[in-house]
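All remarks here apply to the structure that follows.
As written, the chain order gives the labels A, B, C, D, E, F, G, H, I, J, K and L, with residue 1 at the start of each chain.
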Amino acid sequence: MSDHVYKLIEIVGSSPKSTDDAIHNAVAKAGQSVRNLRWFEVTDTRGHLEDGKVAHFQVTLKIGFTLDD
Amino acid sequence: MSDHVYKLIEIVGSSPKSTDDAIHNAVAKAGQSVRNLRWFEVTDTRGHLEDGKVAHFQVTLKIGFTLDD
Amino acid sequence: MSDHVYKLIEIVGSSPKSTDDAIHNAVAKAGQSVRNLRWFEVTDTRGHLEDGKVAHFQVTLKIGFTLDD
Amino acid sequence: MSDHVYKLIEIVGSSPKSTDDAIHNAVAKAGQSVRNLRWFEVTDTRGHLEDGKVAHFQVTLKIGFTLDD
Amino acid sequence: MSDHVYKLIEIVGSSPKSTDDAIHNAVAKAGQSVRNLRWFEVTDTRGHLEDGKVAHFQVTLKIGFTLDD
Amino acid sequence: MSDHVYKLIEIVGSSPKSTDDAIHNAVAKAGQSVRNLRWFEVTDTRGHLEDGKVAHFQVTLKIGFTLDD
Amino acid sequence: MSDHVYKLIEIVGSSPKSTDDAIHNAVAKAGQSVRNLRWFEVTDTRGHLEDGKVAHFQVTLKIGFTLDD
Amino acid sequence: MSDHVYKLIEIVGSSPKSTDDAIHNAVAKAGQSVRNLRWFEVTDTRGHLEDGKVAHFQVTLKIGFTLDD
Amino acid sequence: MSDHVYKLIEIVGSSPKSTDDAIHNAVAKAGQSVRNLRWFEVTDTRGHLEDGKVAHFQVTLKIGFTLDD
Amino acid sequence: MSDHVYKLIEIVGSSPKSTDDAIHNAVAKAGQSVRNLRWFEVTDTRGHLEDGKVAHFQVTLKIGFTLDD
Amino acid sequence: MSDHVYKLIEIVGSSPKSTDDAIHNAVAKAGQSVRNLRWFEVTDTRGHLEDGKVAHFQVTLKIGFTLDD
Amino acid sequence: MSDHVYKLIEIVGSSPKSTDDAIHNAVAKAGQSVRNLRWFEVTDTRGHLEDGKVAHFQVTLKIGFTLDD
């Protein structure tokens, strides 16, 4: 029970709306192929600029999930 | 006057709503026991995931306050 | 065409509303004097505290733009 | 022969006993699904505390394995 | 419930026996004055040498505990 | 369209010829199992030495590819 | 005897004179409320500028002191 | 004579050929608008991938030049 | 008023006398071409050695100034 | 007496048993050629894997010793 | 056999031709006074500029070699 | 001439007077056994505290010197 093993994958989510929305998009996509998501850590926040404005935010996450189920 | 001394404490705020709200919660809690809060610096942004969604954001802040009043 | 050269400048945007709004303010200001903005990277997130609350968020960005147009 | 390509995966092992045991658990789990494990690098050492004691250690590893067999 | 706030303190534990024992000593000491310890993160591992041997290990931890109980 | 999600994998390429060739080898290998490779970032440059010479260069890359096709 | 436990606090000292004087001011202030100060580590050196000159230096220190007396 | 002041600018050079060529391109571009270039430091090495190959390398440099001529 | 935007430039000051003097020289030089200097952060401290002695100290600063006047 | 000068050397110890044992081996080896060892700092923890198990741990240390005796 | 101890030395190689050639030069020089060189890690890539061009590349390496032969 | 090779050694200087004096002491000591010292880089600034005051400053330097004379 206390010997869980987790795997970390690194995902970049993007959103034209907000940094938080980019996080939600990354998590939603990861959840399509991996079950038992447990936590995330933001490792980078970037974005693309077009016409002098933020076209979309890009947030890189490490996402941890349980391997032992 | 120019010889102020500040102390930094490290606080983790959480919120189911947003990273900014997690910052507000951390600052509000720190303000209950410390006066003269001056600035904060974000040192880590994480979150817990449940059912494939962000259950709450967790933002770690260093908060500086004046020691010499 | 594949030999573009970019310059990075470092800008701190601030906003009493949100970290994302501070990013928008930094980009808008940069766009007043530089054309061809391409991307940004967040390098620091801070803020000033007054009366135990966030008075304004301060987000430091590196902003990349094309030099060769 | 000298053109090997390796992949790195990031795994968190845990153990109530020791940090070394958490490393062994992470490696054992990785070995169940990947062959040709070659080396590991510790990137983070953490743990959970319960009743004022270490409930379990959590060690994050990058594990490298050969891709070209 | 999901808006918990945590504080991080930084403690250096030492032990002539092992790095793990230095962690246990740091946690035990922290538990004497703070309740609700939740997690730790190792930030530095050092040691003193005497007569060409390890006299004691010194492990620096950040220890997180709940503020809102 | 602006809500793309990317995954990052970490690959070590090696080459007896040059650091650039080690990058090419890592990318070529990744391209055998993943489509839609978009960018890479070098995170480490190392090498093995034999008989006082560079036997092969080893370059670690994070490689990003689109998840949403 | 070899099982000492230390606590680290983070203090910002300032001085209009010099970086070393800012260190002395931080240590003097810490010594007013904590006994058994043992060592410090500089983690940041900054300063405020007014009229094109250094108005005061600000040096951030981690200060370690013995907990077990 | 020993009181020189230098400025650092951050430039990203790209090249379809090699990382070294990307450095040469960044320096050449900087030299068109700044005289007295003295040194560079590589801060990031990246690249764009197309059709499973390196389309171009992108190397970020800090370039130092003398201000006091 | 709370939406100020700042720019950061990176300057290396040198001095045969002291690290603090190198900081003063960098700030003085920056003040010749930029108004509204607000703060600095030291990012590197180096020096040149001649005849087994410090010929001059070199301190790298990021200097922030207001863009919105 | 308070003007001691120390030198730091970087040593990698290995052991099939434990990370602590790898530290002991590194210190023992350093002590064969250098007297007056004072302290160590762990800078990297790695290991080699064979047959899906830890073949040996490799711990990199900086070891400080007094130069002025 | 599995208890090897290695030493790391830090060398800066330079070359007017390429970054790889600077690595080769550093390794060749190290090999003149140290036997049993095993691996290198690049820790810094810099260069000197003259007349708006790269006069020479400077690559800093940590070089590991076996101590126990 | 442009293919110089340099070695970096890491030295900790101490002084009861100032951080700059600790640098001078480290350089002076290094100069007793190594010729052709070229530059230094500060990697750490610490100090020992006694009776609530700075007993001595400790500054860690990497010192580069020419190997090829």
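To be clear about the criterion, a contact is a pair of C-beta atoms (placed from the backbone, for glycine too) under 8 Å apart; a residue touches a chain by one contact, two chains touch by 3 or more.
No experiment lies behind these values; they were computed from the predicted model shown.
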Can you check whether chain K and chain L touch via the same residue numbers (shared by over half) or via different ones? different
Listed chain pair K-L, G-I or D-J that repeats interface H-I [over half of contact pairs the same by residue number]: K-L
I need the rotation angle between the copies chain D and chain I from a CA superposition, between 0 and 180°, in steps of 5. 180
Note: chain F sits from chain C at a C-alpha centroid distance in Å of 30
In whole angstrom, what separates the CA-based centres of chain D and chain H? 38
Touching at least 2 other chains, the residues of chain I are 9-10, 19
Using the contact definition from the top, classify how the chains connect: line, ring, star, complete or other. other
Taking all chains into account, which pairs touch? A-B, A-C, A-D, A-F, B-C, B-E, B-G, C-H, C-I, D-E, D-F, D-J, E-G, E-J, F-H, F-K, G-I, G-L, H-I, H-K, I-L, J-K, J-L, K-L
For chain K, which residues are in contact with chain F within the complex? 19-20, 23-24, 27-28, 30-31, 35, 37-42, 63
Could you pull out which chain J residues touch chain K in their complex? 9-16, 25-26, 29, 55-56, 60
Along chain D, where are the residues that touch chain F in the complex? 2-10, 62, 64, 67-68
Residue numbers of chain A touching chain C in their complex, please. 18-19, 44-49, 52-54, 57
